[in-house]
Amino acid sequence: MGKTFTIVLVAITVVSAAFFIFHGQLLWLPEDVSVHGPGIDHQLMETMVGTGILFLLGQLVLCVFVWQSSGRKEGWKPRTFPGGPKPMVISAILAVGLEILALSFVGSKVWAGMYMNTPDSQALHIDVQAGQFAFYFRYAGPDSKFGELHPEKINQADGNFFGLDPRNDVAARDDVVTATMAIPVDRPIQLTMHSQDVIHSFYVRELRIHQDIVPGLMIPLHFTANKTGRFEIACTQLCGLGHYEMRAFLEVMPQDKFDAWLKQQESQ
Amino acid sequence: MSELELSAETGHAGLMEGSPYGIPSGKLAMWCFVLSDAVTFSALLFAYGYLRVGSPDWSTPFLFSPSIVNGLVMTFVLLSSGLTMLASVEAAKAGHTAAGTRWLWATCALGALFAVLHLLEWRRMIEEGWGLFRNPTGGSTEFGAAFFCVTGLHLLHVVGGVFALAIIALGFRRGKYNRIDVEVTGIYWHFVDLVWMFVFPLVYLMNAK
Amino acid sequence: MSEAAAHPAVHQHTAPTGFIRKYVFSVDHKVIGLQYYGLAIVAVVIGMALSWLMRLHLGWATLPIPGLEKLSPAGAPGNVMTPEYYLSLMTMHGTIMVFFVLTTAPFAGFGNYFLPIQVGAADMAFPRMNMMSFWVTFVAFLALMSAFFVPGGPPISGWTAYAPLSAVGQTSGPGEGWGQTMWAVSIAIFCVGQLLGSLNFIATTLDLRTRGMSLARLPLSTWAWFITSVIGLMAFAVLLPACILLILDRTAGTSFFLPSGLVFGDQMLPHSGGSPLLWQHLFWFFGHPEVYIAILPAIGIISHILPAFLRKPPLGPRVLVGCIASIGFLSYMVWGHHMFVSGMNPFSAILFSVPTLVITIPATIATLLWIGSVYGSRMQFTTAALFCLGFISVFTTGGLSGFFLAQPTIDTYLHATYFVVAHFHFVMAVAAIFGMFAGTYFWMPKMVGRMMNETLGKIHFWLTFVGVYCIFMPMHYIGLAGNVRRYAAFTDNFLVPLIPVHKFITIAALLTGAAQFLFLFNLIWTRFRGPKAADNPWGATSLEWSTTSPPPFDNFGGRQLVVHQEAYLYGVEGASADFIMQTSSETVEKP
Amino acid sequence: MKLRFVFTLVGVTLLGSALLVVGAPPAAGTIEGKVTYTGTPPKMKVIDMSKEPGCQKEQSARTEPVRYQTVVTGAGNSLQWVVVYVSAGPPSPATPAKQVVYDQKGCEYIPHVAVMQVDQPLEIVNSDQWAHNIHPMPKVNPEWNKSQPPGTPPITTKWDKPEFIPVKCNIHPWMHGYFVVLNSSHYSVTGSDGSFSLKGLAPGKYTITAWQEDFGSQSQEVTVAGNETKTLSFVYKVLPY
C-alpha cells in the first residue's frame, strides 16, 4: 500500500511539474507588452523556481520516507528524525525566510515602480467608465479638456454613458467616447477609472495590469505599452449576470495611426 | 441545576486539573463573550470612523444642551450603576445575600433609568427628523445610520443586562443563583459600562457643535 | 457547594429517556457532535451537486441538463443554465462549503464529539448552550436553503457578497432580491451559533481537564480545536455586525456600503456616503481567519491520527502547537492580501504582503514536522493513515501556490483567476476534507461502535486523491493563462481555447464526486452492518480509547480518569506494549 | 305539403339573413397622416459594437452605420417610431390580439418599438449566437430582468397595465427599445416616412395621441363619420442636444 502511494504521488508530482516546465504557448502567461511587465514576470519566474523546488522536495521526500516505511519488517524499532524538530525549524526559517526576504524586497520595488510613482506629465489621459456590463472610454478631444460628469444625466439609450451635459458644458461637447480603447505605443498612458454601479475590474493580461474599479472612487492607473496589437480587456470582479460577457478591446497602435483613429472617432 | 455551578469552584477537590486562570467556567465563558463582544463593538466603531473620515459633509449636530448634558447625565447614571454592581458583588462575596440583592436591584433600576433617558434622547432626535437614512441638516445621512446602530447595539446590551440583573436578583435571594452568578453578571455589566465610555466620547462629544 | 463541585466530571443530568431528548434536543456533546457531522454530510452532498452542475455548464455551456428546469424554471429555461443561475450555484456552493462543511465537520463535528472525551470530561462545560449552538447553526442552514426558493432566486454575488452588488437589491439584476437578504440573515445567525460553540470549547478545554491532563499533555487535536475556537471567537464577532449592516442597507434604506451617484438602468439611486471597501475590510477581517478556522482543526486531526499509524511519537508536538497558534495569531494581520487590487493605498499592499508571507514559515515547519515524523517509522497503511499522507501532499501543494498570491506584484496578474481557485481549494477545501475523511475512518469505530470497511475506504482514497489532483492541478495552468474565475461561460477570445481543459476538469470532477458515494455507502453500511469495534482498535493512546465504543452517556461510566502520560507514547522502548495509554500509570525511563 | 312547408321555411330564413346582412352599418372610418418635426433634432451617434465582435461583424456588412434610435428621422422631416393611437373615443370592433414577437438580432431590438394591448401575449426571441439579457424597466407593471443565452427557448410574457416601458440589455448597453402597452386596440407606429393609419374606426369623436420616446406625447381631437378617411398630422418642435 505504501509503495503504491509512493508510485502514485511520484507520478502526480512529475506530471504536475512537467506541465509547468514544458508548458505550451496556451497554458502560460501571454506575451508581455508593457514596460513594467518584465518585472512582474521575473518576479513570477523566481517564485515559480523557488516554490517548484520546494514542491518537488516536499512531495518526493515524503515519497522516499513512505517507501522506506512500507518496506520494514515486523518488530522494527522506530527511529526519530536525527536531531528532532530543530533541523526542521531551522531549515524552514532559513529556506523560506530567505525566500520571503528576497521576494518581498524585489517585489516591493516592482510594486512601487508600478503604483508609487507619479505618471509622466506627457501621459495621454483616458477616462474609463465601467458599468453593467461594458467599459467605455473617453478622450478629451481637441480642447484636451474633459467635460464634467453628471451621473444623473447618464442615458445609455442614446449613448451618453458618462453622463455628459453638452448643452451647458462646452468642454464636454468635443469629448470622444468610444467602446474600444486605442492607445499609442511607447507613450505613457494615464487612466482615471470610475464605475457607475457595482465594482468592476480592469484586467489586461498582456499589460500585466489588474485594478478594481470601485464605485464612488476615482481610481488612477498608469502604464506604457511597448508593443502594438489588439488585446482583450476583461472584467474580473463579479458584477452581475453579464459578468462573463463584460469585455472591451485594447488597440495599441503607432502614434500616427492613433491620431487617424481619433480623428475618425471624432467625426462620428 | 445551573451549568454555571457545574464547576463553580476551581480545583474541584483535586479531581480536575486547575484552570490555568483559576476561575470557574462561567466566569471564563463570560470573559470570552466580553472579548468577542468587544470585537463586535470595535468593528461597528471602526465602520463609524471609516465613514466619518470618508464623508466631507459629516454633520456634528449635538448642542451642549440638551444632547451633551443628557449624555453626561446618562454617563453618570451608568457609572454609578457600575458602583452599585461592585457593591452587590462585594456583598455577595461576603455572603450578605439580602444586601447583595438590594444592590442588584439598585443596579437594575439605574440601568433602566439609563435606557429610559436614552430612549427619550432617541425620540427627541427622531422628532427633529433624524433617522437611519435621514439627516435634517442636509449633511451625510451616514451620521444617523452610524449613531442609531452604535447606540442601538449598546442600548440592546443595557436592556438585556437589566433583565439579566432582575432575574439574577430574584434567583439570588431564593438561593437559585450563587455569588459566582452575581460576579458573572457583574463582569457583563462593567463591560456594558466600559463600552459606553467609548461610545460617549466617540459618538457624542466628537459630534458636538 | 452541591454535588456538582464534588464530581464535576460526572454528568449532572441522568441519561435522558425518550427519543426527542435523546437524539433531537440532546445536551449530550456526542449526539451534538454527530448532529453537526450529519449536517455537514447533508451540506457537502448539496454543495457537491451544485459544483457538478457548475462544472457541466463550464465544459458545455449550451448543454441542456435534463430536469434542471424542474429544479428552477427561471434559472434554466429549456434545461439550459442561465448565467445568473450559474452565479447563484457558485454563490451557494461557496457559502455552503465554507460555512456548513469546512467549519462544521472538522471543527464543530469532531470537536464536539471528542474534545470533552480527550480532556477526560463528562460533557461540555455548558451542555445546554452546546445544544443551542447546534440548533442555531441548523436554523442558519435552513435560512440559507430557503434562498433557493424565495422570489428573485438565490444570491449571485459570491460567498464574499461584495457590496454594492449585494447591497443595492433587485435593481442590480436577478438573484439580488430576497435570496441575498436570506444569505445575510443566515450568516448572521451562523455567527451566533459559532460564538456559543467557541465559548464552550474554550471553557471546556481550560476548566474540565481531568486530573493529570496538564495543557502539555493535551492531544494535538484538542489543541487545534481550542486555538480554532479562540480565532472563531473574534472572527465571527466581526462578520456579525457586518451582516447586520448589510441587511440594514438592503432593507432599511441605509447606505453603509453604498456610495453616492450609483446609476442602474439610467436611474440614479438616492444612496450616498457609504463605502464598498468598508464591506471588504470587515468581511476579510473575518474571512481570512475563517480560512484557518477551516484548516487548523484538520491539521490537528491528522497530527493526532498520524502517530497512531506511524507507531512512533510525532516530531516536535509542542513546536506544532506553536505553529498552529502563530498561524492563528498572524491570520488577523493579513486580511488585506485579499484586496491588493481593490483600490487600497498601494503602500498598505506591502504591509499586508509581508505577514502573509511570514505565515508560510509556521506552515512549512508543520509540514516538515509531519514528513519528519514519517521518517524511520513502520507505518500501518490504513485508510485513515492514507488520508493523512494525502493531506500532507495536498496541503503542501496548496500552500506553495500561496507564495505567488501573497505577493502584490504577482497577485496583480493572478488575482481572480483560476490560479486562486486552485490555491484555496487545495489548501483549504481539499485539505480540510481530507482531515475530515481521516477523522471519519479513524473515529467512526468509536462513534458508532463499528469498524468501517477498509477495502471500500482504500478505493475511496485512491479515487479521491488522484481525482482532486486531476481537478485542481490544471486550474493552476489555466490560471497562469489568465483564465478569469466566476465566469458563467468562456466567450472571450483568449478563453475559448482553454475550454478543452475545462472539459477535462469537469469529467474529473464528475468522477471524483461519484467516488464520494462509496464513502457515503461505507458510512451507512458501517452504521448498520459494520463489524463490532473493540474499545481501542488502533492501539491508540489518547483518552477517547480508554472508554467503550461508543462511549456511555457520561463518557467514562462514572469513572474519574487520571492521566499519567504524554499524549503520544508509541513504540516506547522497554514498555510492556508498543504504546502507553495516557491513563496507564506505567513508568518507563526515557531513552 | 310537408315538402312545400320546408321550402318556405328555408326561403324565409335565407331572406331574413340577407336583410340582416344589408342592415349592418359598416364602421370603416380611417385616420391617417404623417408625424414630422421642426427645428434641429439631436444627431444620433453611431453605435460602437466592438464589445461584441459578432454583432460588429453583422452590422459592418450594412451600407449605413447603425445609429442610436432615440430619434429616427426620414425624408421631409418625418419621424419614425412614433406610436399613434386612439386614447379616447367610442368603442370600435376590437382587432384580435395575436402574439407580438420581439426579436434580438445583431444586438438590435426588432422592432425598436413594439406596441401591444394589455394582456396581449408577447414573445421575446434571441436570434443571436450570444447571450442577451432583457430588462424591461416599468414603473407600474412589475420589473424583471432575465438573461437569454443561446439555446434557451423564447420568453413568453404579457403586461397587465397600460404603460410605456423602456427595455434594455445590460450585456449590450446600447441595445434599447420600448414595449408600448395600450388599452386601445387601434394604434399604428410611424414608418420611415413618418406615416401612420388607424383603420376600422366606428363613427364618433376620437382623441388621437402620438407618442415619441424622447419628445413625449401630444393629442388631437377628430370626429369620424361613416367610412370617411380623415387625415391628421402631428408636428414636434425639437431643440438641438
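Letters A, B, C and D name the chains as they come in the text, with residue numbers starting at 1 for each one.
Following the convention adopted for this analysis, a residue touches a chain if its C-beta (ideal position, glycine included) is under 8 Å from a C-beta of that chain, and two chains touch if they have at least 3 such contacts.
The model shown is predicted, which means the values in this text are computed figures rather than measured ones.
A.B. asks: Treat each pair of touching chains as one step and give the shortest count from chain A to chain B.
C.D. replies: 2
A.B. asks: Starting from the defined contact criterion, work out which chains touch chain A and chain C both, please.
C.D. replies: D
A.B. asks: Pick out whichever of the two, A-D or B-C, is joined by more C-beta pairs in contact.
C.D. replies: The comparison resolves to B-C.
A.B. asks: Give me the ID of the chain with the smallest distance between its Cα centroid and the all-protein Cα centroid.
C.D. replies: The most central chain here turns out to be C.
A.B. asks: Which integer distance in Å separates the CA centroid of chain B from that of chain D?
C.D. replies: Result: the chain centres lie 66 Å from each other.
A.B. asks: For chain B versus chain C, what separation do you get between their C-alpha means, in angstrom?
C.D. replies: A distance of 34 Å separates the two centres.
A.B. asks: CA centre of chain A versus CA centre of chain D: separation in Å?
C.D. replies: Measuring from centre to centre gives 48 Å for this pair.
A.B. asks: Please report how many Å separate the Cα centroid of chain C from that of chain D, as a whole number.
C.D. replies: The answer is 58 Å.
A.B. asks: Could you list which residues of chain D touch at least two other chains?
C.D. replies: 130-131, 133, 145, 147, 166, 168, 170
A.B. asks: Pull out every residue in chain A that's touching 2 or more other chains.
C.D. replies: Correct list: 131-132, 156-157, 240-242, 245, 247.
A.B. asks: By the document's touch rule, what are all the touching chain pairs in this structure?
C.D. replies: Listed by label, chains in contact pair as A-C, A-D, B-C, C-D.
A.B. asks: Under the touch definition given earlier, write down the residues of chain A that touch chain C in their complex.
C.D. replies: The touching residues are 1-2, 4-5, 8-9, 12, 16, 19-20, 23, 26-30, 39-40, 43-44, 47-48, 50-51, 54-55, 58-59, 61-62, 65-66, 68-70, 72-73, 76-81, 84-85, 88-89, 91-93, 95-97, 99-100, 103-104, 107-108, 110-112, 114-116, 131-132, 151-152, 154-157, 163, 196-199, 201, 203, 205, 208-217, 219, 232, 234-245, 247.
A.B. asks: In the complex, go through chain C and note every residue touching chain D.
C.D. replies: Answer in residue numbers: 61-62, 64, 74, 77-78, 80, 82-84, 170, 173-174, 265-267, 489, 491, 493.
A.B. asks: Tell me, which parts of chain D touch chain C in their complex?
C.D. replies: That would be residues 53, 130-131, 133, 135, 137, 143, 145-153, 155, 166, 168, 170 of chain D.
A.B. asks: So in the complex, the part of chain A that touches chain D is made up of which residues?
C.D. replies: 131-135, 156-159, 161, 166-167, 178-180, 240-242, 245-249, 268
A.B. asks: Can you tell me which positions in chain C touch chain B when the two form their complex?
C.D. replies: That would be residues 1-2, 4-9, 12-13, 125-129, 195, 198-200, 202-204, 206-215, 233-234, 236-238, 240-242, 244-245, 248, 252-256, 272-275, 278, 281-282, 285, 560 of chain C.
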